[in-house]
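Next come two complexes, and both contain chain A; in the first it sits with chain B, in the second with chain C.
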Partner chain A sequence: MRYVLRRTAHVLFLLIGVSILAFLFSTLAPGNYFDEMRLNPQIAPETVVALRSQYGLDRPLPWRYASWLNSVVRGQMGFSFAYNSAVAPLLLPRAGNTLLLTITATLLAWGIALPLGVCSAEQLGRVPDRLISWATAALLVIPDLALALGLLVLAVKTGWFPAGGLASVGFESLSLIHKIRDLALHMTLPVVALVLSVLPLLVRHVRAAVADVLDAPFILAARGHGIPRRTLLYRYALRAAANPLISLFGFSLGVLLSGSLLIEVVMSWPGLGPLLLEAILARDLYLVLGGVLLSGLFLAGGNFLADILLYWVDPRIRTEGHAQ
Partner chain B sequence: MSGERTLAWWLVFLGMLHGTVVFAGFFAPYDPAEQDRQNPYAPPMRLHLVDTEGHLHMRPFVYALKLREGAFDQFEDDTAHAYPLSVFVRGSRYRLVGLLPSRLHLFGVEGTRFYVFGSDAYGRDQFSRLLFGGQVSLLAGLLGAGLSLLLGLGIGTLAGYYSGWKDEVLMRIAELFLALPWLYLLFGLRAFLPLAVSPLETFFLIIAIIGAVGWARPARLVRAIVLSAKERDFVRAARGFGASDLYLMRRHILPETKSVLLTQLAILVPQYVLAEMTLSFLGLGIPEPVPSWGNLLSNLQQYSVLVSYWWMYLPALAIVPFFLGYLGLASLLRERRDGCKIERAGQGSVT
Partner chain C sequence: MNPEPSTNDGCMQPLIQVENLVKRYAKRSLSGQREEKLALDGVTFSVSPGTTLAVVGESGSGKSTLALCLACLERATSGSIWLNGENIVQLSEEERRKVRPQIQLIFQDPASSLNPRWNALEIVTEPFVLQGKWKREEMVQRAHSLLEQVSLSPEFYTRLPLELSGGQRQRLAIARALALEPKLLILDEALSALDCSVQGQIGNLLLELQSSLGMTYIFITHNLAMAAHLADTVAVMNRGRIVDLGPSETVWKHSECHTTRQLLAATPGLKRSLPTGLER
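== the complex of A and B ==
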């Protein structure tokens, strides 16, 4: 319990630190939304000044930070200049779509990487291991962007999958089963691109971690006891190898969140990616800030989950907690 | 040592790839900005040896393109006249490595334009743009990685050498930089910097951003090495003899970080090239008309281009060998450092 509290405090500290840094940086940087408005001859200079003071941009930095924190607490996360609305209602539906992609991709990628990596480690140096190593190396050298575009070209040429978006025209009128089918079809390409981009990294780590454990004496002892191969590999070896892999979980989530940002734009998936891109081009300060911090929250959430998992799996960490 | 030889082969491979990009002016048949409005979205041209009448030519030749009957963007070969391919031809002016003025090109065709990888919406030669774009993207990757490593080396050494509160503060800041997914961090930094500036300014801006994003990981690695290195007996002995901090760092501690830094360089360069590509692809990086690998691909964001002009995708395939070279080099360097048989792939990017 104390462990959980400590981790939560850590996450909060991190997010506050990031937001302070972001605020500092945003004042150092030249230009904001209203500078471009000032160039527009149809808008009177007085209007721009009035708008600036309305949004509090003429106040000192600590005041702005405090008022922004206040609006975060109230669940608004600041105000978007371009959309003339609070940031949270703009971000949250998009964030949901991003998470839908990222979580599906995370589960799938780990679901594929674990058996492949374990198989590779067990057959170390033999044909299956060689094949898997070659395949992961081939995937590794294709940049994400090329991979996503290639899948898109494929989709357009074959017509098997829709070339972007989240739902077909007339989605609302479909029955529930058709809705799920439609969503799955639309999700396939982005999820495949995400999974393929992170898979080589995961497979290689699983292979290395499990191969290390398989050398250990206790595995030999377990094999001597006649424990079946599958149980040995998945219950004993994988569990002993879990520690580095669980720390990799947070990292893989970060990679997937980043990858998702790009792939959403490429495949026009209505997630955070396209929204943030537009916000940057429009110099919509608080919207960008909200999106970036939200990603920090997701990553921290993932790491938090990994910590809890580690606590549950690894008895060494549990006893450490009791000792304190 | 076969390991040394493999390393040499990777280096030769990478050197050749980079050579074609560095001497892009010579290897590319055209100026990257030269337009040919008569031939927008021309498909890649094939080299022929046998003409339509069955005659064998000694020199490979190409056919000029002409619009297909009744189409406005479909080209076909104009078989009326064969244009032979020549080597070492005089063509558009360029400056070799930005210095030597020259007009010599490796290959070219007299009388018509020869599109190896097709042309884009303005009839600019995609192959030439690919080579010149590599100059921008690779240089951004290399300089960005260099900046990151320099920052990481400086901060990591400071933190590791002077442990205590300085270490604590620096490592907390590093943690802040690691708390965000890297592309979001890149976006966040980009968002607050000016958008519409000249290509050259943008180039340095991008390098600064990419370099600033990635210092935390190398800094942590360097710190760990410095922490262990400063407790070595010979370092203590040197300190006992009155060596100054600066001398100790320069003479005894920094050499220890060399192999890690080299490995990190091989890992970071492709990542940073990709970062530049991502930014330029999304329109946040190097602006037209300067080519970069990212904005070469950004045409594909238009659905019509994706459907009709598949060759616009060719640059994405052409850059794969560069990534192959760097990743091969990185894994080899890492293997040498670990000195163990099982390749601990990707370890450098996680720790």
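== the complex of A and C ==
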């Protein structure tokens, strides 16, 4: 329990750090939303000054940070200049779409990477291992962007998949089963692109971790007990190799999240990606900050999840805690 | 049925009989050339039930390869190993898996041969779970009696391997091996990583188990004193061959073999530590 509390405090501390840095850098960057207004001859300079003071941009930095933090705690996360609305209601539905994409992709990628990596480790140096190594190396050198564009071309040429968006026109009138089918079709391409982009990394890590463990005498001893091959690989070797892989799992959530921003823009998925891109271009300060804070939260959440999993899986970590 | 191998002496049916065993490892050198290493080169011996065979030899002489081949963890290149009238070298992988519980291996380093995530009780229970013929309470009961047999007191049952001493870990490894009721226990340098007094304790434990359960041991070591203490028969290995084989006493006292003489000369305290009765 104390372990969980300590980890939670860790996450909170991290998020505060991220928010301060993000705030600092975004205000240090030249230009803001109202600079372009000032160049517009149709808007009076007084109006711009009035707007600036209305949003508190003329106040000192610590005051602005404090008032933004206050608004985050109250669940509004500041105010978007461009949308003339609180940030949270803009951001949260988009974040939901992004999470739908990344969580599906993460689970799918691990679901593929584990058996491939274990197979590769067991067949170390033989034909299946070499095939897998070549395939992952090839995937590794293709940039995410090229992958996404390639998939889009495929979608357009074949017409098997919709080439963008989250739902078809008339989605609301469909029955539940057709809704799920429609969503699945729309998700396929972005999820495939994300999975392919992270898969080589995962397969290689699984392979290395499992190959390392397979040489351990206790695995040899377990084999000597007459344990079937499959049980040995998945129940013994994979569990013994789990520690670095669980840490990687937390990390991979974060990596996929930032990877998904790019994929979302290319495949016009209504997630955080396109929204943040526009916000950055428009210098919509608080919307960008909200996005950064959310990605920080996702990343920290992934690592938090990994820490808890690790604690649950490895009794040695528990005894360490007692010893302290 | 399978043709029975010829029995030597004719006094007792051997538990395990090894004939002309060869193990060849192929490996690739940096330049891509295939190199072959002959780890076992025509090994022949047999072990009677309830006795101990010591296999001694310097490192690299093929002792550990022999242990892995006997335990069905490596497949010999040629030759035969007879167990219960079956040649286990010829069996399919699935059949070999079923033979494995009968021959258990104890490793040199008990720390790495135990699953670091499980406590003592879980480690000993694991072989039962695998066989799946007992209920939960029965398994725990059996595990308790096994741990008692190797003199591990109940306070250690919930400890992880890293919280146990070297001697305790090796006791635990022995208990785990006994859980499968093996016919043959192969101890691959099982005492070498322990300090002297603990070596003696574990050695005595092994002798006790032998008299109470009628265990058969193959004791692999480079420690001649320990081999002399525990073994009925001694096989001396050099470069994958058995160069000297005979009753313990004969090998120590009268061996003409060059390798045996060298090993004896390299163990200065041997004469003193030889058990009484072997001294003339």
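Going forward, the second predicted complex is superposed on the first by the 324 of 324 C-alpha atoms of A that agree within 3 Å, B and C clash if a C-alpha of one lies under 4 Å from a C-alpha of the other, contacts with A are read in each partner's own complex, and residues count from 1 in each chain.
The rule is short, and it goes like this: contacts are C-beta pairs under 8 Å (C-beta built on N, C-alpha and C of every residue); 3 or more make two chains touch, one makes a residue touch a chain.
Values in this document were obtained by computation on a predicted structure and should not be read as measured data.
Engineer: Give one word, clash or fit, describing how chain B and chain C relate on chain A after superposing.
Structural biologist: fit
Engineer: Between chain B and chain C, whom does A:Gly224 touch in the aligned arrangement: first, second, both, or neither?
Structural biologist: second
Engineer: Should A:Ala216 be classified as contacting the first partner (chain B), the second (chain C), both, or neither?
Structural biologist: second
Engineer: After lining up the shared chain so the two structures overlap, which partner does A:Leu61 touch, if you call chain B first and chain C second: first, second, both or neither?
Structural biologist: neither
Engineer: A:Pro315 contacts which: chain B (first), chain C (second), both, neither?
Structural biologist: Second partner only, chain C.
Engineer: Tell me the contact category for A:Arg239 with respect to chain B and chain C: first, second, both or neither.
Structural biologist: A:Arg239: touches chain C, not chain B.
Engineer: Using the touch definition from the top, say if A:Phe251 reaches chain B (first), chain C (second), both or neither.
Structural biologist: Only chain B; A:Phe251 stays clear of chain C.
Engineer: Is A:Leu107 touching anything from chain B or chain C once the two structures are fitted on A? First, second, both or neither.
Structural biologist: Neither chain B nor chain C is touched by A:Leu107.
Engineer: One more residue to check, A:Ser26. First (chain B), second (chain C), both or neither?
Structural biologist: first
Engineer: Check the superposed model and tell me the shortest C-alpha distance between chain B and chain C, rounded to whole Å.
Structural biologist: 7
Engineer: Give the list of chain A residues in touch with chain C in this complex.
Structural biologist: Residue positions touching the partner: 216-218, 220-229, 236, 239-240, 313-316, 319.
Engineer: Over in the complex, which chain A residues touch chain B? Could you list them?
Structural biologist: 14-15, 17-18, 21-22, 25-26, 28-31, 124, 136-137, 140-146, 149-150, 152-153, 156-157, 163, 200-201, 204-205, 208, 211-212, 247-248, 251, 254-255, 257-259, 261-262, 265-266, 276-277, 279-281, 283, 285, 288-289, 291-292, 295-296, 298-300
Engineer: Going by the contact rule set out above, which residues of chain B touch chain A in the complex?
Structural biologist: 172, 175-176, 179-185, 187-195, 270, 274, 277-278, 281-284, 294, 297, 300-301, 303, 306-307, 310, 313, 316-317, 319-320, 323-324, 327, 342-347, 349-350
Engineer: List the residues on chain C that touch chain A in their complex, please.
Structural biologist: My answer: residues 71-73, 97-101, 103-105, 107, 109, 112-119, 126-127, 130, 160, 162-163, 173, 176, 180.
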